[in-house]
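Let me begin by presenting the structure, written as structure tokens, before commenting on it.
Going in written order, the chains are labelled A, B, C and D, and every chain counts its residues from 1.
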Amino acid sequence: MKPAAITEAGIGLSERLGTVRRQTLDLCARLTPEDMMVQSCPEASPVKWHLAHTSWFFESFILREFLSGYRPFHPDFHWLFNSYYEGYSAFPEKKLRSSFSRPALDEILRYRTHVDDALERLLESGSGPEALRRIELGANHEEQHQELLLTDILHAFFTNPLRPAYREPGNEEARRQGNRGTGERAGQQAKERDAASPLRFLEFAGGLHQAGYAGSGFCFDNELARHQVWLEPYALSDRLVTCGEYLAFMADGGYRRPELWLSAGWDAVRNNGWRAPLYWTKEDLGKNLGGGSWSIFTLRGLFALDERSNAPVSHVSYYEADAYARWAGFRLPTEFEWEAAAETAPAEGNLLESGNLMPVPSTDLAQDQSRGQHQNQGRARHFGDCWQWTVSAYLPYPRFAPLEGALGEYNGKFMSGQMVLRGGSCVTPEHHIRSSYRNFFSPETRWQFSGIRLAQ
Amino acid sequence: MKPAAITEAGIGLSERLGTVRRQTLDLCARLTPEDMMVQSCPEASPVKWHLAHTSWFFESFILREFLSGYRPFHPDFHWLFNSYYEGYSAFPEKKLRSSFSRPALDEILRYRTHVDDALERLLESGSGPEALRRIELGANHEEQHQELLLTDILHAFFTNPLRPAYREPGNEEARRQGNRGTGERAGQQAKERDAASPLRFLEFAGGLHQAGYAGSGFCFDNELARHQVWLEPYALSDRLVTCGEYLAFMADGGYRRPELWLSAGWDAVRNNGWRAPLYWTKEDLGKNLGGGSWSIFTLRGLFALDERSNAPVSHVSYYEADAYARWAGFRLPTEFEWEAAAETAPAEGNLLESGNLMPVPSTDLAQDQSRGQHQNQGRARHFGDCWQWTVSAYLPYPRFAPLEGALGEYNGKFMSGQMVLRGGSCVTPEHHIRSSYRNFFSPETRWQFSGIRLAQ
Amino acid sequence: MKPAAITEAGIGLSERLGTVRRQTLDLCARLTPEDMMVQSCPEASPVKWHLAHTSWFFESFILREFLSGYRPFHPDFHWLFNSYYEGYSAFPEKKLRSSFSRPALDEILRYRTHVDDALERLLESGSGPEALRRIELGANHEEQHQELLLTDILHAFFTNPLRPAYREPGNEEARRQGNRGTGERAGQQAKERDAASPLRFLEFAGGLHQAGYAGSGFCFDNELARHQVWLEPYALSDRLVTCGEYLAFMADGGYRRPELWLSAGWDAVRNNGWRAPLYWTKEDLGKNLGGGSWSIFTLRGLFALDERSNAPVSHVSYYEADAYARWAGFRLPTEFEWEAAAETAPAEGNLLESGNLMPVPSTDLAQDQSRGQHQNQGRARHFGDCWQWTVSAYLPYPRFAPLEGALGEYNGKFMSGQMVLRGGSCVTPEHHIRSSYRNFFSPETRWQFSGIRLAQ
Amino acid sequence: MKPAAITEAGIGLSERLGTVRRQTLDLCARLTPEDMMVQSCPEASPVKWHLAHTSWFFESFILREFLSGYRPFHPDFHWLFNSYYEGYSAFPEKKLRSSFSRPALDEILRYRTHVDDALERLLESGSGPEALRRIELGANHEEQHQELLLTDILHAFFTNPLRPAYREPGNEEARRQGNRGTGERAGQQAKERDAASPLRFLEFAGGLHQAGYAGSGFCFDNELARHQVWLEPYALSDRLVTCGEYLAFMADGGYRRPELWLSAGWDAVRNNGWRAPLYWTKEDLGKNLGGGSWSIFTLRGLFALDERSNAPVSHVSYYEADAYARWAGFRLPTEFEWEAAAETAPAEGNLLESGNLMPVPSTDLAQDQSRGQHQNQGRARHFGDCWQWTVSAYLPYPRFAPLEGALGEYNGKFMSGQMVLRGGSCVTPEHHIRSSYRNFFSPETRWQFSGIRLAQ
């Protein structure tokens, strides 16, 4: 945070804050209080907890410190909604969050309002630069939880044997859904219309490259210090690997051939019984789906694989991405190769604001974007759809300095055992993503919207 | 079921059914839809699931079979709310129940009404004896789930770091709670008032005894066949071991002395870090409670141990009950010793209807009962407060015959690795318990209201 | 021990002791020091450890206490070779025993001699009755470890992918092994020759029966006190279930039908991937055996199932025994039914001294026995071949009193979570077994020579 | 391998091969056949297995392929002693290796001779360059297993409660051991004599640097391709962190302060109960060592910490190295920083040939080396004592190409979840190590001789 310049004026920040805070609630509009209780895997948290924790963040790191006379909403929330900041307070084990039926949702919503009001007072009172920096950090923090909230609810709804949809299929999709009964033919039509463009590689010369955040806006501490890296010449695929391409890997014995896998990846395949990406299923409502073909569960419900064969494959682990790349004769990019290629590209694509809520074929996006003012410049689509696994471990940059105090735990303490992902996904807020942005997950993770960009 | 006579008339059964079904809903009156989502340990289920599953039981084993033209409420509920009947349908893994945010509580309540209406139609239509038997079984099944529902919500609320109370302390308790700040003195007063009667042993001559259900009402298949057992002379304590007595065991190094424990019990102590019964805690709201003294969490909130020292100790495993008995120089009774002693006693005591919702000292009960028409005849209190661990493994009686079909899985398939408990607890419906009733849990279980009766 | 009379004279005991101690070493004659290091499952110990621990038992409970001036062999052995007696000393975790390369086998053998010499001195010095009782206990303890030693080495050799045989096949078996190439025909011949007698049931009237040890010789504390039990009329099969019969259960989907299993048993089937008894395999030397048919690994090497189809099935868990019995329309006996039936039978059969080292068909035994002075009286063969699972949990008899001091941990502390087995096996010393003898293992155990006797 | 030039002549290679193969046996001279059976942790293998597997490597990848008419020693060894080459054959689970009592050690030694003879024939017959390259690879492979053999036997002997020493303490050490009774004073003397030099940092200018192997001899595939990296200016400590320095970290609450640890590291501390490096103990022979002070177990037996306080700390995980560095105000180096600093240094130090078999203080080494031809040039000691954790994840270099065929599994498939270590240890053969050498282990690993070099 320190090296980043802060948002120009409290005014601008107030607006941005309002937008972010409202967006979180908007994302919950379709959820019931019961939905917001579910915590269906160790990576996930209940939606209600996300609502509370993001408010806790503002209360703990901004209001308590910078707003004189601030009265905390509840005497126990300062530890109850702490996620992992050892330096701040004790906190409950993560898995207990599914037991937080009390405080009730109503109370959490009042907590949000209480915090919003106090933040407004703080901004009106002309707070100093550190407070403004922290508010911007809090807004970015909340954007991360918007994305997590959707990622978690997808898993929650998949775990529910009834597999409810977070949102109805869109017009386009509805039409396809309507065709669903006629299976193969509908798939054929979809293929003709959406046929994925052939995979092309864009070449880059390499050389000495500056990596890390260079602008004057907000960035996380892990994007700094900006530093030089040497890149050998390389090439990146101009789009992500599609479901259809991934199906060919599966059909070629991808999940049964140890020579395609990292040793730890092969262990994961066997221990977890993987034979397809997460959310690919042959079952519906406890019954086999007709014909033994795959369906894909999304925030918009269940689709036949045929309907999504040209959409980017998502919810694959690093191991699967790596095995696919080896099978295809390529490799995954490093995070610096990715960043150098994306540095000048606009941060646009199939992100949260496009409303798709799932990866879509390039051609769909082109249409969406033409409607939406954007221009598809006929080159690589770097951002959106899926976070892209890189072959880079998540490690500190030279001269990395974590934020002061408990906030230093935000990113730095996770720099072990995780791989960097780049580019944002279909549930990442557009304002949130940039070319220097480093996401990171364990290589076994599949609950994220994670996909495959190839390199060579 | 087969050998048991059925309830006289559909009329009586209709009333009984209505009472049972209403009581389940009454128990939920203090719970929010969010509370009813929590599943906080592998033994437990969400309350909402209990509401649905008990209706599923009537639908699956009675309405579908005996009510012609019955229209199931929802096409997927027949497998969604199956608990463990392999012979009936596939069913979801138990741990998934916490993901059932849909169907919403409202829909489950409509499901209950739908089933209730259909049962009424069935009863009015003059159903045959097997249908009536099954309805009685369904009512008993629902009573078991009433008990489980309270057992589960106690764990859920204990797991919530805020530790909400299911119900406000009663008048008596409220007064004590009010004294809570003055700790030691309040405890002293409580001791003077409630001093536990000295433990006495009632002697029994032994000999050939008939065991198993002998009446003409309802019983479970595992209470049959009635058969002879030979008993050596024995004696049983006239009341359960109290919290105060158990504290003396702890103070004497009970949890640190392997010679007091069964080998598997000692393993459990070390693996689980046990040093007190479940729900005994020195923490409140994430903070140590003052003075390092124990508190006990109940359905009526947190009490200082002093306030409950004369109440029966509850939520101990078989291993703890066994170690306590060895330490005290006694042993646990066999299930047949217990049954022979209790056979002629009225099934009354601190049961669900007394409204205490936690074990209470004998003197309290006397008062409660005098208010409530019962007479304390100055002899052993066999029923209520806590299920009592016996030294008998849960095994089939001679000529045991499980019910026909999938219902045969109700009890029989659990006859391995579990110990028998007798007597009912403070959350067991009074109508539900009898001297031949066999409850059963794994010896490591502590989530139940399980206590200690001594024998020698 | 207390209630049992002791062996008449030190002389007799000295002889018996010499026999037992020598027999242990004889059993090791075919093993290398490397073999004696292997500990291949949690139930097992290395053979070298058995040699040391049995000596430790004599040293700890007899020599140190009763032989004045006894000089322990090594200052650390008193804790190093303690198995589980918490009251005696600290002891190493069981799994560490496979790291005991030092002391070397040579040293352990010197330890044995040192202990033997001291025991002889003690016996010559005219030791009192308690010392004599303890020596008899030590001899029985060592016999138990003789059996364990063979049970463990079978597992060790099965775990070795080369599957070495503990001992060459006998003459009879060698002939069959010679036929092994011709598979089906050899099996046919074996069938004709050894055809298992049809399963018959012997009926017993029941009534009041005395259970527990009644003689004047040695027995374990868990066989006492002798007490009365009431038995309903019952019948027992006159022989154990054979491999061929068990194969029919498997062919009928035995391992795929949950309705045949206890709930915990079905969990065990799925969690462990069981589809046949332990030591049944379709692989040899890392390769599939021809024809997809089963082979059975024994202390005498690998046999085609055909060659052993009339031998009792062994190495099944309680769950498998129970499921088989249910499938066959019968049940398992209680330990008291078994004891009442076997009480007057001579303790003879396919035991260790017969030298078979594996269960054999009844007809084989008749031949073996005719050679060996015994008479097969045309009735049930109660003893030998396999320990027989009973439906009785391992629990204390009325007035059970463990031995004084640390020796009280010998049996009593395991009275939880285990089922009683009766009758001894093909690796039980003949002198060791009797009708009141109670063996006990967890219901999931398969490493024992455990088989199936049916009841109804 | 491909890019590396091969050893000049078969003659030279024959000599080298003989030296390596003899050295392996020399290392076993002090071990019994029973010692060679022990496998005391998942990372380790029995010594006997190392003897067999290194021979298997030559047989499988050289003799079978390049020596015409080669007769394999045993028909099953080709799969029995395969470690993890999926592309070569099936292989036993690693944990089964402790069950390989057969083949006996004698047979394994004959196997070695058989393979040695055949390799000699191959070398005499004038084998082509690929065969020679593979033999050099086999020699390097065997050197790795020499190191593992010692690493594993240290763990085996530590696991044995008697804690035998692999080798007697040396003269120097014997003197200290002799002083052991007088504890504090001996430590004081040791401190005066060996006082660790103050930690100094050597500065490096950074800039574009060539990384990876550049010579014409042997290297592993993971050291290639040589490529450019950009380094910022940095400094490295001139020696490793000592036991005494690490003790100060412990005394300052190092293992109790989450803010010093990576999140995964803190989890490891709590889950494993770490409170000191592996092999630091306060127990001996099952008893507490006097005074509550630490001792350190080594291949030369148990030393008081005082005696080793100036020796480099060893057997710490990456997490501990990282936490120590953070506590001390420094960081760990990247693998490229390390390599650039060490590139021109001679590969000498406290390596296997020095015979110490444990890390030693710098001053000791100077003495040892003066005896032994080497010159200590008064600068950083890069090699030996302990492998040094770097902050670099083990990932492929640009243009990394694994060897062809099953040999491609040698290194490449482990490029996930592991950190790079550099520099060799006191059990690494001198011939084996070089500045471009990349070792790699999981960050939780402590069984290796792994220590701490600081950077800033």
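Odds and ends about this structure:
Quick note on the criterion: a contact is a pair of C-beta atoms (placed from the backbone, for glycine too) under 8 Å apart; a residue touches a chain by one contact, two chains touch by 3 or more.
Values in this document were obtained by computation on a predicted structure and should not be read as measured data.
Common partners of chain C and chain D, by the touch rule above, are absent.
Each chain's centre was taken as the mean of its CA atoms, and the one lying most distant from chain D is B. For this pair, chain A with chain C, the centres built from the Cα atoms lie 59 Å apart. One simple way to say how far apart two chains are is to compare their mean CA positions; for chain A and chain B this gives 46 Å. Taking each chain's centre as the mean of its C-alpha atoms, chain B lies 40 Å from chain C. Contact residues on chain B toward chain C in their complex (touch as defined above): 84, 86-87, 208, 227-230, 232, 258-259, 261-266, 318-319, 322, 331, 391-393, 395-396, 398-399, 409, 413-417, 443. Here chain D touches chain C in the complex through residues 32-40, 48, 76, 79-80, 90, 92, 96, 98-105, 156, 159-162, 164, 285-286, going by the rule given at the top.
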